[in-house]
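Labels run A, B, C, D, E, F, G and H following the written order; every chain starts at residue 1.
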Amino acid sequence: MIQLSFQKERCKGCGFCIEFCPKKILEFSQEMNNLGYRYALVKDLEKCTGCGICASMCPEVIIEVKEV
Amino acid sequence: MAKGYVKPTTLTDVPWHFCPGCNHGIIHRLCAEVVEEMGLQSQTIGVGSVGCGVFSYNYFNFDGIGPSHGRAPAVATGVKRVHPDKLVFTYQGDGDLAAIGTTEMVHSAVRGENITIIFVNNSLYGMTGGQMAPTTLLGQKTSTTPKGRTREQAGYPMKVCEMLATMDGAAYIARTAVFNPAQVNKTKKAIRKAFETQMAGLGFSMVEILSACPTNWGMNPLQALKHVEENMTAVYPLGEYKVPTDPSSAGSF
Amino acid sequence: MKREMILAGFGGQGVLSMGLFLAHAGMCEGKHVSYVPAYGAEMRGGTANCTVIISEDEISSPVVAFPETIIAMNHPSLDKFEPLVKKGGLLLVNQSLIHRDTVRDDIDSYEIPCQELADEAGFSRGSNMVMLGALLQLTQMVNNENIYEYLVKTFKGRYLDKMPLNQKTIEAGMDYVKHLPVREITNIA
Amino acid sequence: MAELVLMKGNEAIGEAAIRANCRHFFGYPITPQTEVLEHLARRLPEEGGSYVQAESEVSAINMVFGASASGARVMTASSSPGISLMQEGISYIASAELPAVIVNIMRGSPGLGGIHPSQADYFQSVKGGGHGDYKLIVLAPSSVQELIDHTMLAFELSEKYRTIVVIFGDGMLGQMMEPVRFPEAVTSAVDRPWATTGMQGRGPNIVHTLYLPADELENHCFHLFEKYAAIEACEKRSSEYLTEDAEILLISYGITSRVTKAAVEMARENGIKAGLFRPITLWPFPDEALNNAARNAKTVISAEISMGQMIEDVRLSIRDRIPVKLFNRIGLVPSPEEIFEAIRKETEV
Amino acid sequence: MAKGYVKPTTLTDVPWHFCPGCNHGIIHRLCAEVVEEMGLQSQTIGVGSVGCGVFSYNYFNFDGIGPSHGRAPAVATGVKRVHPDKLVFTYQGDGDLAAIGTTEMVHSAVRGENITIIFVNNSLYGMTGGQMAPTTLLGQKTSTTPKGRTREQAGYPMKVCEMLATMDGAAYIARTAVFNPAQVNKTKKAIRKAFETQMAGLGFSMVEILSACPTNWGMNPLQALKHVEENMTAVYPLGEYKVPTDPSSAGSF
Amino acid sequence: MAELVLMKGNEAIGEAAIRANCRHFFGYPITPQTEVLEHLARRLPEEGGSYVQAESEVSAINMVFGASASGARVMTASSSPGISLMQEGISYIASAELPAVIVNIMRGSPGLGGIHPSQADYFQSVKGGGHGDYKLIVLAPSSVQELIDHTMLAFELSEKYRTIVVIFGDGMLGQMMEPVRFPEAVTSAVDRPWATTGMQGRGPNIVHTLYLPADELENHCFHLFEKYAAIEACEKRSSEYLTEDAEILLISYGITSRVTKAAVEMARENGIKAGLFRPITLWPFPDEALNNAARNAKTVISAEISMGQMIEDVRLSIRDRIPVKLFNRIGLVPSPEEIFEAIRKETEV
Amino acid sequence: MIQLSFQKERCKGCGFCIEFCPKKILEFSQEMNNLGYRYALVKDLEKCTGCGICASMCPEVIIEVKEV
Amino acid sequence: MKREMILAGFGGQGVLSMGLFLAHAGMCEGKHVSYVPAYGAEMRGGTANCTVIISEDEISSPVVAFPETIIAMNHPSLDKFEPLVKKGGLLLVNQSLIHRDTVRDDIDSYEIPCQELADEAGFSRGSNMVMLGALLQLTQMVNNENIYEYLVKTFKGRYLDKMPLNQKTIEAGMDYVKHLPVREITNIA
């Protein structure tokens, strides 16, 4: 099973992870973080393959993908 | 592709100052990953520059130097002559490298100085608020080309890879981008080749990376990636412009 | 008579245009004015603030250590500037983003629900205009007749279509403070 | 009378250059000066002039050399590190006696430092950052209106004496806005019979700085310094505030002179006989005027945003008759309160 | 060939300081002849440099400027922007142009600045007594490469024409020599083409001329010409590296 | 005792650097300094060091930055115009507190000037040619032997205080030959825990000069000036000749101090009570020592090969108690006779 | 007939004119000029074709060739 | 005792090596010496000269306005330096290239046919060595025993094969002045 973690307080809402996730299982939050951005979160972890593409596109290096 | 992703130990935990979607972040990460994968964290000296990458020495978790604007290749030369066995690379923007730093760049290639330049080309001066750079595209609007860059007034986009590839001292010269996952992987491979070229003592190496500056382009992050893919690559073709000829060159070629 | 103000918030909240409006208004009404933005290396995000002085006489120092009026649009700004308000001075707080009470009791402070009022006015990005309205109403600093003219000047005639909406939002801020219960100003001086 | 406009310092400089009939600008971006470039990049083409963004400050100053040598009114602008890169070119321009205007919107130093307001390039511009014996006229405006007036004056003086004139500003002056009025535009082009414009109807004009025979070099330097003596005789500028009976005299220039003036006002309100002497030309330094302004002073305080540079000219001016103290902050423009506090301390002792 | 020879009026009568057999003299003469033949004596502003050509402004009989070491192209840019219709050319040695002046050279080409560079390449710093330049041949002995230039320590000879030919702003780029009468004629033609390119407003032009420095090469004048012919041309091939594509280009193409 | 060898000044500097265990040199040719390069280009490879001929002085000073930052003893050498091009880099090195030795064999200026001996870069090196607040130790040798001794001292001081030390020579000192003895070679390498050598067994070392928060920049400048105060307290150097009863005191440094000494000898032979005060460190300037040496003087003459630069420090040192005159020539080293003549004139009035 | 003139006091004796004269009718003087060089002179003017090659190679521009 | 000399001629005449020889000789004989070449921009041609001082005591000024000894190898040098010789000083003139008489009558001057003597000695490029010999003979400045050693030092041990020839040529110069009729030195002092 895949463990996906986002450091939401460091997310700047660029949307790269959301855009490039092959499974399209990421989306923006409704609320804003303290930086004033809508941050990325997982809507459907089940479908995650752990491919790491989201992390490989994240300009803030705040996504970790682990198999557990 | 290897599953999962963990942040490399070659990056500190300092929060980054980049704007949303700035490609500097991706490029920082790739440099750090390659250094870690090559096992060179304690053998690397990174030479920053003045531009939006100015804080690289705070973000990289290895020795770092903050030189004056444009002079990184000269500073790196000084470092390398003292530590010939260490990995020494510069991280420079297009204003820093291709404008004020032209002489230092060209002559580190002429000398075949055994260093690597990571060249982040976002076609303008980001840190100072988006003025024209030598790399600005024709027609591109910047704060100093309000009607778009014209040949008459400011000439033509400067093609650094094409220029340096003519030099005998240059061993590896490539241009890549990071506008999608595939390109990100290619960029990482190119950085690795460059670093391996240096560690094999084959001479000067440079990787030019086309990079998005959503803020000064007045685009959102995804539009900015598209702009790189569609407009920048047309003027700055991606690919390897020079590869080491020496057979003794590292395995990965 | 001299009014020294610091307007603070985070980038994008429009504190600088608030300051520009006040400087233009002051100038148009024949006063001496100065406007000093705090400029940052990272041009984006982070905090933004500006110092505006409107004065009958020539302005010597554009630098103000203890302003008489402070506008705090976000939490960090309140923390940073509340201690600096002159005794008997004025502190306006953006209630929508700041959830703590003010601590000074020797100044006159008001909480304004900028976001809510802006939304009501149909201009959700107009928090700064609401706050501006509140300030203008409380201080009667400028001639309300000319607000529209000053707005046009502030935006150098750009987005003219947006001006009425801006004015409307400013008025929302004015109305809000008009209907506040009148308070005794604790002036320890 | 021209209408009042609210304008940013850097833009005011750019617009003033155009009013002074300058149609050629060569520069390189640097915070906190960049708006000078941005303004001229937009306006010069409108006026039929040319804006060239140089590839570096070294190139910029040498483009200025060429444009001035061939007869044009020309300006460049930068900030501290960029001005350092111009030092060789400045020495050449001074030796070739070419008119030119250089704007320095000083920032935090040394090294990369930062973008804070600063006054730490005094030695460089006033004493000589380039090699050899030469002088530059250095004007120190203190308001956006003065940025305009001094820029226009700078072009006039640079032509009159065939010299570089430096506009000595700082990050705050460059970034702040104040209401200003622009004077009438200058339209007359000064003619330069010595300029390299093509030898139509005359022999060749040559602009150079090489004097191999020792006596030629010596004569050239003596000639330059006769010119400098004339400038010292005619162009010293300063202003005073409540100096007549001042027992504590503050000396400061540029943006700092304004907060210092406010501090002097506070001191007077508190019954302290303080006064302000403000040099407007840093070179030539108004030494006699200062010495005279200090006649009743018991203490003199040089207030600078530096570790103490102008203070040397203050000491030389008053010939060390009176104790000279330094008040300084780095990285910011001090508040009137701080300076007043320093004045008050003096009265205690 | 036109019979006879008379010294052009575009040269003054000042005696020259060059050493016996120095090719600077021939090249000075050719520049002056072309200016005269094009009828541009009163329309020309020559920008010298610092090197053995430093006194060109005394030898040419037209307006002249003596700039700082390496910055001639920037100075010429300033001149040209003020006088777009005049002939503006720089006269620079290899140390001046290819070492300290690299940035100014490259960016006048990037901007397509409408000026001409006359580049006198004698493979070392002549005026200062024969130190290595970026153009020094491998193995060549100079006062700072007493055992001959080596790759390891100082890299490779710098090929300026090859480098500038990659630039969109460069209209005419050629390399010639003056080691015999035929080459002298070719050089004169190239200089004329370059000047015509400029007067036609087609952009940046440069003529690199391989030049003998008998004194610092430790050769007699005739040996020095042979050295250019046999050794220098092998490393620096003669020819036109770029010619104007624009059809509106001047007649002589 | 080491044998006497007849050696040219520039070569002596190069050889002294090697004796001081300097193994890295970066420089660019320029008359009258070039023999420093030529000597090191030959000798450094023999000693397993590296000579890199930089493509310009701008590059040279930045190579010095890199080599010093990563732990090496390093030197560069140039002459006036080349030193001007190093001003930005010098400000960076000063801010980063990197040890480095810079040789300036001064030549005729301003502009291209010529290759004559000169002392006209005093303001640039002593007051500050680069941007911002910083100081350099400036040593002024007056003989070929001193070129050696000062070069070795320079490396020591630069390490001790983490600062740039400038060897202030001129064309004549660089070109002349005198018999010299070399001291024992230094072999110990100083360790630099802060250097960027690769983070083996420690956290990352960072060498930079950017201080964005105002208070950080202010603290950094205050820190630098505490260090400078320590240098002023310990490192002022000067020498005196017949000053005890001197009524006419001459002040001069470097090569000029030697002809001045001869002039003082002539004066004494003619019954004139003249004396010589010679600053050896130009910064820190030996002000107390000078003030003391001038105690019986009725006139003070600053003798310089410039239009009058050191004279300002002379005036500041003696606090303008006594009239200070200037004797100067440009383009050459004056003869003892000329200076004696100037002394004699003083006695007439 | 051809008139050939050399400014002998400015000749530096490089020998280019002598070397490249197709008719080989130039040679060095025995005496030195005031610069201390053996200068070039014509030994057989008759054979001169006036081609001007000597002048075109002279680094000092001190040769004039005229038809009279 | 102190001897100040200026040696002058045009480039290639070897005046600098003459000076170097004297400086080395002085040093080897335990004297203080200084050698100052006049260096030029055009490294070649033009005039060359150097100032050499040999002294019992430490040398203050390496600069000499009025030298006690002058050697003029060519015409321009004679014109330039003859007026500067100290009263009672010594002037040596290279007769082979200088065809005018000396004018000073308050100094001791000698004409030496350097070229002819050098040719005789079989070393036609040795004019300077002839002149050196004349100087050494007239002044007895150095110990003639060691001339060979000093020559080797002067040329840093290079062209050793040429040393005997140099020595021979020096001796030719010495012999020449030895056989000159002894003259009264007109010393107006």
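In this text, a contact is a pair of C-beta atoms (placed from the backbone, for glycine too) under 8 Å apart; a residue touches a chain by one contact, two chains touch by 3 or more.
Computed from a predicted structure; not experimentally measured.
Shared contact partners of chain A and chain F, listed by label: B. Note on connectivity: the fewest chain-to-chain touch steps from chain A to chain D number 2. In terms of C-beta pairs in contact, D-E outnumbers the other of D-E and E-F.
The chain with its Cα centroid farthest from the Cα centroid of chain B is H.
Chain F has its Cα centroid 56 Å from the Cα centroid of chain C.
Centre-to-centre separation of chain C and chain D, using mean CA positions: 35 Å. Work out the mean CA point of chain A and of chain B, and you get 26 Å between them. Averaging C-alpha coordinates per chain places the centre of chain D 60 Å away from that of chain G. Multi-chain contact residues, meaning those touching two or more other chains, occur in chain F at positions 31, 50, 52, 55-56, 58, 81, 88, 92, 111-112, 114-115, 208-210, 212.
Shared interface positions of chain B, defined as residues touching 2 or more other chains, are 19, 54, 66, 68, 99-100, 102-103, 106-107, 110-111, 127, 129, 134, 154.
Looking at chain G, no residue sits in touch with two or more other chains. Contact residues of chain E toward chain D in the complex are 41-45, 47-48, 54, 57-58, 60-68, 71, 74-83, 86, 103-104, 106-107, 110-111. Of all residues in chain B, those touching chain A in their complex are 1-7, 11, 15-16, 18-26, 28-29, 180-181, 184-185, 214, 221-222, 225.
The residues of chain D lying in touch with chain B in their complex are 28-31, 34, 37-38, 41-42, 45, 50-53, 55-57, 81, 111-112.
The part of chain B that touches chain D in the complex is made up of residues 50, 54, 66, 68-70, 95, 99-100, 102, 125, 127-129, 131-132, 134, 143-147, 153-154. Those residues of chain F whose C-beta lies close enough to touch chain B in the complex are 24, 26, 50, 52, 54-56, 58-60, 62-72, 74, 88-89, 92, 196-201, 204-210.
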